[in-house]
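Two complexes come next, and they have one chain in common, chain A, joined by chain B in the first and chain C in the second.
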Partner chain A sequence: MNDQIFKIILTNTYTLAQLKKRVRVLKDYLISQLFNESRPSLNEKDLAYLRSLEPSFYQQFNKDNLYPIFADLEKRISQFIPLYLYLPFETDDQVTSQIGLFIQKTYGKLILFDVKYDPALIAGCSISWQGIYRDYSLRKKIEDRKQEILSILKGFLK
Partner chain B sequence: MKLTDQSEIGYVYQSQDFLIRLNGLPTVQINDLVENESGGIGWVNTLMEDYVEVLMLNEGQIIPGQLFKKLPYKLGVSAGKFLLGRAINPLGVPIDGRGLLTKTKDVTVVNLEQTAPGIESRQFITKQFETGITIIDSLLPLGKGQRELVLGDAHSGKTSFLVDLIVNQRGKNTVCIYASIGKPIASVRDLIDVLKANQALSYTVVIAASSTEPAPLIFLTPKTALALAEYFQKQGLDVLVILDDLGIHAKVHREISLLGGRAPGRESYPGDIFYQHARLMERAGNFRSEFGGASITAIPVMELNLTDFASFIPTNLMAMTDGHLLFRSNLYNLGQRPAIDLSQSVTRVGRQTQDRISNLISLRIRQILSQAEELQTISRFSAELPPQTQLVLKQKKMIDEILKQASLTFIPKHIQSILLGLVFTSFIKEKDEEYFTKEKSSLIKMISNSPQMQGIVQAQMTSDNQFIQHLEQAIPSIINQPGGNNP
Partner chain C sequence: MPDLFYNFIPLIFGVLSLIILILYLKEYNLRKRSQNLSDQLLEQTQQKGYQILHQAVKQAQDILSTAELEGIKIVAGSKISAGKLDQQYEKKITQSIQTSQDALSQETQSARQTLQAQEAEFSKFLDDLKKRASQMDSQTQQTAQQRINQLFEQFEGRLSNFLVKTESQTTQSIELELKSARQLIDTYKNQQLALIDENIIAMMEQTLSIVLAKKLSLKDQLDLVYEALEKAKVEKFIT
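Here is the complex of A and B:
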């Protein structure tokens, strides 16, 4: 049952931060529903996510299994190795979804990523996956051809 | 930090003081180095199934999620003759404010962590390590390649003895390496000044990590010292390595291990503390010509707590060295310099390197000292002592005076033998111990100037009796010199 729940949560979830947030929101919401506790204050984005889930999904939870299910989900999340994506700009949800869909389409499997903002890259991106870092940024290209660029600039100064 | 096309990286997921744990770094090995973007250098110390334990070698803020890149080189230090006369930290960074170590880019880098050379590379210790200190060269001789522990109370003159060891190596083609492990920076500065004032810095390398440095850096100090010692030894130079002090080193290792969650053992030291020290000690020795042909003489130092040398670390160190010199503060306060307790000190290798006459004279001296020890107790109850007992007690007093030696003085080995030999001649009837107290330096000068005494030194003698006979005949040559008759 947990596999099915996890699969539903992962639908349209692309980043590790997004996954953690969604699980936390869902947990808070279910606690408030099942134990008549005060309802957590949720923003529009969170409410939209909760509304997107089918009623049959919520019916799988009860007072007895709620905590064990979420303990299992949290354990699964902690074992996820994300793909770190360094970008020179801050992304919005739309860009995140586009990147996520591209990654899933390219690799054909579920890979969660984490976006890290690094303006020093100038343009392009760099990625890190399972401890290996690859740089495809403009900064790297400039560094590789630093001497060449400097000599051209010196030519202009003359 | 400069990341290349493809770099190996890890992210901090836990940090505690100087110890951090990283995710990632798939092919990292022990002793690799990692660096973060603010220049913080970490040393990979432990590999676990799902994380890597790193010890930070410099200060800096560590935050979870911070990126560390694996560096292309292992823990090492640049080695070369350019290090002579310089003070560096355990990573080879100069700390004496005299700028770059070398301008040449092509330098040898030696790895700090190296396995000690095996038995096939070693040879019997046959040459004496001359210190110019009578009590050592005559009664507790050291061999080139020996490991001799120096242990003693605080304020018992250990440091001045160590300085003497270095200063007296002048002109002997020996490289001295002094590793100051977790000592106050002021004491390191003082030591450098003393060495400089005595022209001893030109053949010495000082490696220091002061008490304010991060614990992992202090921990690496003796490793750097021995890595450099091995470098110079392979160049065919005899090396003297002083590790001051391994008690602090053990405490630092305990701190690192406890922080890393290792199980504490006796006195809370980790289980591998013996291994850590023994691994260092066995890097010293006398090596065959195919392996450089020179020697590494190691002098580890340990300060004792209330003269308790039966505790864990001192007994460990005694077990892994070829003897020990025990310094006592009460002897120091009585004016004995160096304040070595002869009866409790041991040398296991040095005697085989001594020449025959020195060895026989040393044996006689030790016999006299042990006899006098027994007779001294009896003499307290008797007003009139037999002449033989009186002679032994007088000889003991004279020996004590001969063995006293001021700091920063050098007495050549042949003069030491003659001085100690005089105790068994008629010289003792004419002079008393006060003569030695007041006139020792002029006596040494007279011996050096006497052609007859020089003849004794050059003559090939086979027994101590023959040596003493010749000495007896040469006494007038000293006494007849100006000032000789009238001390």
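Here is the complex of A and C:
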């Protein structure tokens, strides 16, 4: 049952931060619903996510299994090793969704990632995966072709 | 008994003193008498002496006059015999002188010959000596000249070697200094050029960053990200 719940939560979820936030919002919402506690303050984005879930999904939770299920979910989240994506531009949910979809399409599996902003990259991106960093940015390309570029520039100066 | 003896002591002394006085007076009279006698004897003796002296003088005058007469006689006789003796003596002396002169002449001749021979020998010896001295002098000069020439040659050789060595060392030192200076300049130049290159690249990156941030659309940026992700897949970086 937990696998099914986790799979539903991971649908349309692409970043680790997004996953953590969604699990927290869902947990708070279900606690308020099941234990008649005050409803947490939610923004439009959170509410839209909660509305996107089927009613049958909510029926799987009750007072008894709520905490064990979320404990299991949090444990699974903690075991995720994300892919760190360094981008030279700022992103929003739409951009991260587009990138997430592309990753899923390209690699054929769910890979959660985290986005970090690095304007020095100029264009492109750099990736850190399982402790290994690789630069695929324009800055790296300039570095690689530095001598060539300098010789062209010096050719112009002559 | 002793007391009696002590009573007689002054008496004994008195008697002894009297005897001594009597003896003294007797001696004094004797001496005075003998002195008078000796004075008389002395006077008599003096008188006799004068007489003897007078007689002696008289006899001496007699003897002297006699001797003078005898002397005149002897001188007269001796003058005659002396003339003969002189002639003999002169003859003898002349002979002796002649003999001596002959001997002396012979000795002189012999000595002269010996002297001449020795002089000739000495002259020869001196000539030999001069010749040897001349030879030795020329040999010495020659040896000295050779030695000097040899020394000059050695000195010249050493000086030449020293100069060549010094020149070589100086050249090497200068070359090393120049090499070091060139290396320093090259290093500095390369560092400065590298710094300039770094600055050029940094300026270019900054310019591109500003320009592309404005010029590149979100789609273009995403396309570049997709390209990077595909490349990572090709490289099997993300598995």
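In this text, the second predicted complex is superposed on the first by the 152 of 158 C-alpha atoms of A that agree within 3 Å, B and C clash if a C-alpha of one lies under 4 Å from a C-alpha of the other, contacts with A are read in each partner's own complex, and residues count from 1 in each chain.
Going forward, a contact is a pair of C-beta atoms (placed from the backbone, for glycine too) under 8 Å apart; a residue touches a chain by one contact, two chains touch by 3 or more.
For clarity, every value in this text was computed on a predicted model and none was experimentally measured.
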Worksheet item: chain B versus chain C on the shared chain A, clash or fit?
Response: fit
Worksheet item: Where does A:S128 make contact in the superposed view: on chain B (first), on chain C (second), on both, or on neither?
Response: first
Discussion item. Rounding to a multiple of 10°, what is the angle at chain A's Cα centre between the Cα centres of chain B and chain C in the superposition?
Written reply: 20
Practice prompt. Report for A:F80: first if it touches chain B alone, second if chain C alone, otherwise both or neither.
Written response: neither
Worksheet, complete the sentence: Larger residue footprint on chain A, choosing between chain B and chain C, goes to C
Discussion item. Between chain B and chain C, whom does A:P119 touch in the aligned arrangement: first, second, both, or neither?
Written reply: second
Item to complete: Check the residue A:F102 against both partner chains and state whether it touches chain B (first), chain C (second), both, or neither.
Response: second
Practice prompt. Considering only C-alpha atoms, give the closest distance between chain B and chain C in the superposition, rounded to the nearest Å.
Written response: 9
Item to complete: Could you give the residue numbers on chain A that contact chain B in one complex and chain C in the other?
Response: 126, 132, 134, 143
Discussion item. Using the touch definition from the top, list the residues of chain B that touch chain A in their complex.
Written reply: 2-11, 23-26, 67, 69
Worksheet item: In their complex, what parts of chain C are in touch with chain A?
Response: 197, 200-201, 204-205, 208-209, 212-213, 216, 218, 220-222, 224-233, 235, 237-238
Worksheet item: Where on chain A does chain B make contact in their complex?
Response: 84, 126, 128, 130-135, 140, 143
Worksheet entry | Residues of chain A defined as touching chain C within the complex | 83, 85, 87-89, 95, 98-99, 102-103, 106-107, 111, 119-120, 122-127, 129, 132, 134, 136-139, 142-143, 146, 149-150, 153
